[in-house]
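In order of appearance the chains are A, B, C and D, and numbering begins at 1 in each one.
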Amino acid sequence: MTILQIIARLALWLLVAPLLPGIINKVKAWVAGRRGPPVLQLYYDLARLWRKGVVLSTLASPGFVIGPAVAWVAVASAGLLLPLGPAGGLFGFRGDALILIYLLALARFCTSWAAMETGSAFEGMGAAREVSYAVLAEAALIAAVLSLCIQTGSTSLVTMLSPSASAGAVLLAAGLFTVLLAENCRVPFDDPNTHLELTMIHEVMVLDHSGPPLAVILHGAAMKLMLFALLLVEAVLPLGKLTWPTAAGALVGGVLASTVGIGLVESLLARLAFRRVPLLLTTAFLLCLFALLIAWKGGGGA
Amino acid sequence: MTEWMNLLIGVAMALNLLALGSGRLPTIIGAMSIQGVALGVMPLVLGEYPDWRVMLVAVATVAGKGLLIPALLRRAMRAAHIDREVEPLIGFVPSLLLGAGGTIAAVALARLLPLLPEHSGSLLVPGSLASVLTGFVLLIGRTKAISQVCGYLILENGIYLFGLLLIHSTPLLVEAGILLDVTVGVFIIGIIVDRIQRAFDSLDTRKLTTLRE
Amino acid sequence: MKDLLLIIVPIAGAGVAACWPDNRSRPWLLPVVAAVHCVLSFWLLISPPEVSPRAWLGFDALARAVLPAVSLLFLVCAVYGVSYLQVRKERPNRVFVACLLAVLGILSAGHQARHLGLLWIATEAVTLAAVPLLHFNATPRAFEATWKYLLVGGTGIALSLLGSFCLGYASLHGGGTGDLTFTALTAQGASLSRPWLLIAWVLLLVGYGTKMGLAPMHTWKPDAYGEAPGIVGAVLAGGVTTVAFTAILRVRAVVSAAGQAAIADRTLLAIGLFSMLVAALMLLGTRDFKRMLAYSSVEHMGILSVGAALGGAGVWAALFHVWANGLTKGALFMSAGNIRRAAGGRTMDEVRGMSTLTPYSAGIFVAGMFAVTALPPFGPFFSELRVVRAAFESSHGLAAAMFLGCLLLAFFGLTRLVFAIVDGRPRTASRSIGKRFPETVGVILPPLTLLGLSLWLGLATPTVLHDAWSAVVTQFHPGK
Amino acid sequence: MTPGLLLLLAALSLASGIVTGPRLARTWLALVLAGAAGALISAWAVLESGAPWEWRSGFHLGGEPLHLRLDGLSALFLVLLSVIGGVSAVYARQYWSDERYPDSAPAGRAWWCGLMLSMGGVVLCSNGLHFLIAWELFTLCAFFLITLDRRRREVRAAGWLYLAASHAGTICLFAFFGMLAARTGGWDLGPMRDRAELQPLCWLMLTGFGVKAGMFPLHIWLPSAHANAPSHVSTIMSGVAIKMGIYGLVRFSGWLPMPETAGWVILVLGAIGALFGIAFALAQSDLKRLLAYCSVENIGIILIGLGTALLGTARDHAPWGRLALAGALLHVWNHGAFKSLLFLGAGSVLHATGTREMSRLGGLWRAMPWTASLFGLGAVAVSGLPPLNGFVSEWLVYLGLFDAASSRAASVGAVMPAIVMLAMTGALALACFAKASTIVFLGACRTQAAAQAHECGTLMRGSMLALAGACLVIGLGPVLFWPPISRAVEAWSPAWASTVPPVPLAKLGLVQVTVALAACAVASWLWRKSRANGLRRGLTWDCGYAGPTVRMQYTGGSFASIAAGWFAWLLQPQRVLRRPRGLLPTDATCIERVPETILERVLTPLSQIVMRASAATRRLQHGRLSAYILYVLAGLIAMSLCVVLRP
């Protein structure tokens, strides 16, 4: 039974994840008044990359290929830990929220390791930015998780993520959305489809990747996006209170909404100057902190 | 008896001031020897029936303080060709003032101290204190080795004066005081010997400052 | 009888040395006499004789608790002295040997003196007897050191005589017969006239403190220890100073019998801590490793008087420290002497890399330095820890803090200097000199023995010493 | 075989190691391993059974009867000592061999045995006097090990700094034990929680042991000592020696009555230390200094756990306190394992290239694949990432903090900042070790030295493998290690006695194993797939620039610059910059040095004040005789005043 569940969820993550970038691009195209690439574009890209050969830098070690693989595994298992709204979690237990956060960190470590393999100036730059900004993003994330934990008195995602929407929810939503943008290297932190390497974080880390490894990286990024979208929605919406179908609907709708939101942000905002990035991230952190304080205050009486 | 006693002590104190004030070594040495004789006479004046112990002390003192040490000092001066001038660190007038102040302070202090009835009239305590202070002033305020020796001698005379309070009860202790003279003797012999060894010229202790920190 | 022999044998030995013709074989008198003295003193330590209260001399509790340490240290120094004088053939050693033995005899007298006057005479005599020892090298520096030693020390001695007079007068004024044995003075107790007693205490403390080398009267010490041969330094530091210390203890007993113990302890504590502070500050900056030993000795004198101020347990710890420090310091003085000779220099600017030049002496020097800075498992660690504990027990928390702070500063200073000397690359000049002074067994074994003794003393303090020290505490610290 | 007998054997073999070590290297290794094994077995037996072993003998040492005690807590640290000590002895056999260091290697072997013996004494002795003895001997042995290579000046300076700092700590311990003995009336140690009058002692204890543990801001000695010591010594120093400080803190915080304030202070110091320590580490350019500062960070994490535990005891033994303490104690082991692994790795790099400067290394993976992969593993572990051991202990500490926060006990809410700081510490650690491992081992060789590197020998590799194995085992099977940890917790506070893990460690282990296996599977699959699709080697794509050179590589300094920039106020980096000038600029340099701020900005000025006082005092000893006699007079007057004036 559980085996089947695992396979089902895995399949879900594998298949649905690449959809979100497509949607984002579509939204951006609409806003810009273009037709834009098909929603399933990423699927095509992945399929094509999967068949292509690989060009390895002469300096690169096997870690260049192993890194993306481990990162992908980390993100995937983080996804499996995440409860899917009404469907609940696979095996929720105390403290799995922290495992989720640290699995994402593992993914980050592996991507930056792979980036440093080539000894290129640009990829080092990307890796440095990635790991540095993550410091603030992670602080914000942990603050969000902590506020949920205080709200629900539990450190297990399943119970954490069905909060009664409190006053903090709005702040939490704002904070988590910003973290989402930062962690997935979207505008205003990063521009996924610029071609000026100096201004990129994630894209510049994968400059030298090609073929299956690149496919794995892209798919991992998509999964990460979906993971954060789910986390955001579940943290904010009181799914636990709704019935099965409504909850499922709300979940899907929420994810779609946040994806569209990302698209809109990308098309309406410009990328920040890098020295501004910490400022924005700190804002996100403060938002989560206020949410935390509200949760603490609200909980204080109870 | 006490009058005689006090007279002698007065003489000693006056000699202290002279030693403080004079700028020439021979004068100081002379003062020394007179003071030594005076001190030597005191025990005889003090006791009604001078027993042999007291006699011994008196003789030893007169011989040591009055004759031997001054002679040695003079010899040292000759041997070391020391010029007769005293270079003071503390000028003569200040030293005199210090000495006078010290004497007054000594008298005042002696008032405060409880004394046995038989000593209540005598100047022994203030005299000794004054001499000790004078000795310190000379030791601190004079640069020549010889003049420092003189200072030490005066300091020691003050102690001897005090010892006279005990001369009947515990003679030995006072006799022991003679040993200090031996110390002084060693000083002077040191000077002479070293002069012969030519280890350091012009007995000016300001030059004795290679050892520091 | 034996207790008198302790005095007579060395004096006689001194006489023999004075008329001994041969310069080569004369030094051998030192170990012989010292051995006899050592045997006697330990015999007495193990089976203490009856001391009649009226006696002026006697192997009483205090002598029993301290004198054997001096005798032991002297024995080792004597053994070292033989080989030292072999190295210094060029100097006639008649006066040296005679005076060294005389010092031993007078020291034994001073430790056993139970009469104020006798004690003073002994101190005076030892001061004079030490003069030729300090002047052994007959350099201008040596003369200067001797001169300062004599004049500062003489002033101190004079003050202590004045103090003795005052104490005598205090007893007279209190209706005493002028009997100045400590037994009598203690018996007279509260009837001693208070002002005279206090004056006497101050004068005696400063006077004997000068002999002990407590700051600010310590100024003669670095010069004397710096210029004298190593063994003389060791004997002065381990023997003469302890006489002064026991003198202070004896007087303190009288004062506390007169009910003024609080004042006495206050002054002792103050001067002790001040000495430790001054010594620590000096140690931080000094560059001469023989003068360093002198300052370290000043510090340890401070430790002694702090201990003496802390009541029974403190006195016990202080006596322990007399042993521990004396033996350890001896090892330091000897190894320092070796290094000094082999390196041909005395400051950290001239001396470097001795670990390669004189490995054994350097090793002993470092070990002794660690021992003297209270690193376990050597003796001083235990004694100083006991002082700290005594301070806390007598609720002197602040004093303990200052005590430990000074220890720390001293540690900084000592390690800095010692490692500067031991490490690094030796100067070419000292390389050549080093060859002329090889590390023979004769100059290595004695300090090693002392270190071993200090180790043994710390780890397994013999019960007989426990008893001896406790006896002192019960006699000189009645009540409390 | 009782623990006592085993311990005796261990002690004997180590003692004979001191004697034979200088001569016979092989015998020495055998003896050390035998001793380690003996200690390990006995300690493990105690941890298994949970029955403490205690031995009071009539044999007196320094006037005190010998009293040894091996309970859960000391067994925990004894295990650490024996494992790390044995492993790095093996490493040292090849790393600091007689051939390379003929004059220092023999002494080093003797000191090594002395160090292990004395540290064993520290964890075993249950008598204040003997504890101090063992403590000081251990300090001394460590000092002589750090300064094995005495010829180098910076080594001597580092050694002296270590000695001075440790002695300052020891002075505090003198006061601590002296006061303890004065108040309890004896040197014997044991639980005395019920004696409220002992509470003030905890501050002395905190300072004394804090110095040795490298607790921020008392860590001043640690970076230079760990960086300049021979690598096997750095290993035991940061793996075990600083843990002795932790042992003292845990041990006596368990025995003494602790005010709640102490819990808060330890917690705050821990949090600050963790964050600042890793910030310092991030900014370092010297590989071993980086690792040393990272030790400060990990000590901070351990202290966070301990502080939370103390808060827990203050709140009638709340279970979250137990959780945090368990995390801290497990982290003691974990840090021992991965930090030793990293230091050994750094040692191999130093051994192979002769430099610790990361900017001179790079691309070493080709020459030394073993070291590279093992160092990478250690980096993952030290960054606290699943599926390795670092994560397990941090997870436990986190859970303790989260439960404390959500327990809604009013004041405990103040632990929340600690949680956030811990999270930032984790992220910074990731950045720091992403930098360290990749700059050193990946990319192109930056210098000739790096290009001519060679893989380390079998013994060195073997010891690193053993430690890596430990990291893996603890990471994948955390539940196996719960019973021993719980024994230690029980020894600390009997109120928390229970062998059932309060958290689903088994499930955590399951996740970790799954992730690990999946990672291996996917990685190999991807590798094979790429091979199948055809691998082509090409020049690194530098955006069209065809001739990338080594100098174009991203350097460690620039890698860390962003995050380090946020801490510039603390790090105060000193930069020597020579910009390119003129039409045809010849050369330009930029040297950045990060000082040990606490030492150079705080302590040095203070010491200068003391030195000024000392100089003033020395001027009084100017050699003028008359002044000396004036001093005597002054002493006389001062004493009279002291008599007349009563306080």
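Everything below uses one rule, namely that a contact is a pair of C-beta atoms (placed from the backbone, for glycine too) under 8 Å apart; a residue touches a chain by one contact, two chains touch by 3 or more.
From a predicted model like this one, the values you see are computed outputs, not experimental measurements.
Asker: Whose Cα centre is nearest the centre of all Cα atoms in view?
Answerer: Of the chains present, the most centrally placed is D.
Asker: Comparing centres built from CA atoms, which chain ends up most distant from subunit C?
Answerer: When every chain centre is compared against subunit C, the largest gap points to A.
Asker: Hey, which pair has more contacts between C-betas, B-D or B-C?
Answerer: Of B-D and B-C, more C-beta pairs in contact link B-C.
Asker: Distance from the CA centroid of subunit B to that of subunit D, rounded to the nearest Å?
Answerer: It comes to 69 Å between the two C-alpha centres.
Asker: So how far apart, in whole Å, are subunit A and subunit B when each is placed at the average of its C-alpha atoms?
Answerer: 99
Asker: Mind checking the centre-to-centre distance between subunit A and subunit C? Centres are C-alpha means, answer in whole Å.
Answerer: Measuring from centre to centre gives 78 Å for this pair.
Asker: What whole-Å value do you get for the distance between subunit B and subunit C if each is reduced to the mean of its CA atoms?
Answerer: 31
Asker: Can you list the subunit A residues in contact with two or more other chains?
Answerer: none
Asker: Find every residue in subunit D that makes contact with two or more other chains and list them.
Answerer: 618, 621, 623, 625, 629
Asker: Return the residues of subunit C touching two or more other chains; collapse runs of consecutive numbers into ranges.
Answerer: In subunit C, the residues touching two or more other chains are 147-148, 151, 155, 222-223, 282, 285-286.
Asker: Using the touch rule from the top of the page, what pairs of chains touch, sorted by label?
Answerer: Pairs flagged as touching, ordered by label: A-D, B-C, B-D, C-D.
Asker: What does subunit D use to touch subunit A in their complex?
Answerer: The contact residues of subunit D facing subunit A are 362-363, 365-366, 369, 372, 376, 379-380, 383-386, 391, 395, 398-399, 402-403, 405-406, 408, 410, 413, 416, 419-420, 423-424, 426-428, 430-431, 433-435, 437-439, 442-444, 503-504, 507-508, 510-511, 514-515, 518-519, 522-523, 525-527, 529-530, 533-543, 548, 550, 552-554, 558-563, 566.
Asker: Along subunit B, where are the residues that touch subunit D in the complex?
Answerer: 89, 136, 139-143, 148, 205-206, 208-213
Asker: Residue numbers of subunit B touching subunit C in their complex, please.
Answerer: The contact residues of subunit B facing subunit C are 112-116, 132, 139, 145, 148, 152, 155-156, 158-159, 162-163, 165-166, 169-170, 172-173, 176-177, 179-180, 182-183, 186-187, 190, 194, 197, 199-200, 205, 208, 210-211, 213.
Asker: Once bound in the complex, which stretches of subunit D touch subunit C?
Answerer: Subunit D reaches subunit C through residues 60-63, 129, 132-133, 136-137, 140, 150, 156, 160, 163-164, 167-168, 171, 174-175, 177-179, 181-183, 610-611, 613-615, 617-618, 621, 623, 625, 628-629, 631-632, 634-636, 638-640, 642-643, 646-647.
Asker: Given the complex with subunit D, which residues does subunit C contribute to the contact?
Answerer: Residue list for subunit C touching subunit D: 147-148, 151-152, 155-156, 159, 198, 201-203, 205-206, 209-210, 214-217, 219-220, 222-223, 263, 266-267, 270-271, 278, 281-282, 284-286, 355, 370, 373-377, 381-382, 385, 388-389, 391-393, 397, 400-401, 404-405, 407-409, 411-412, 415-416, 419, 423, 458-461, 466.
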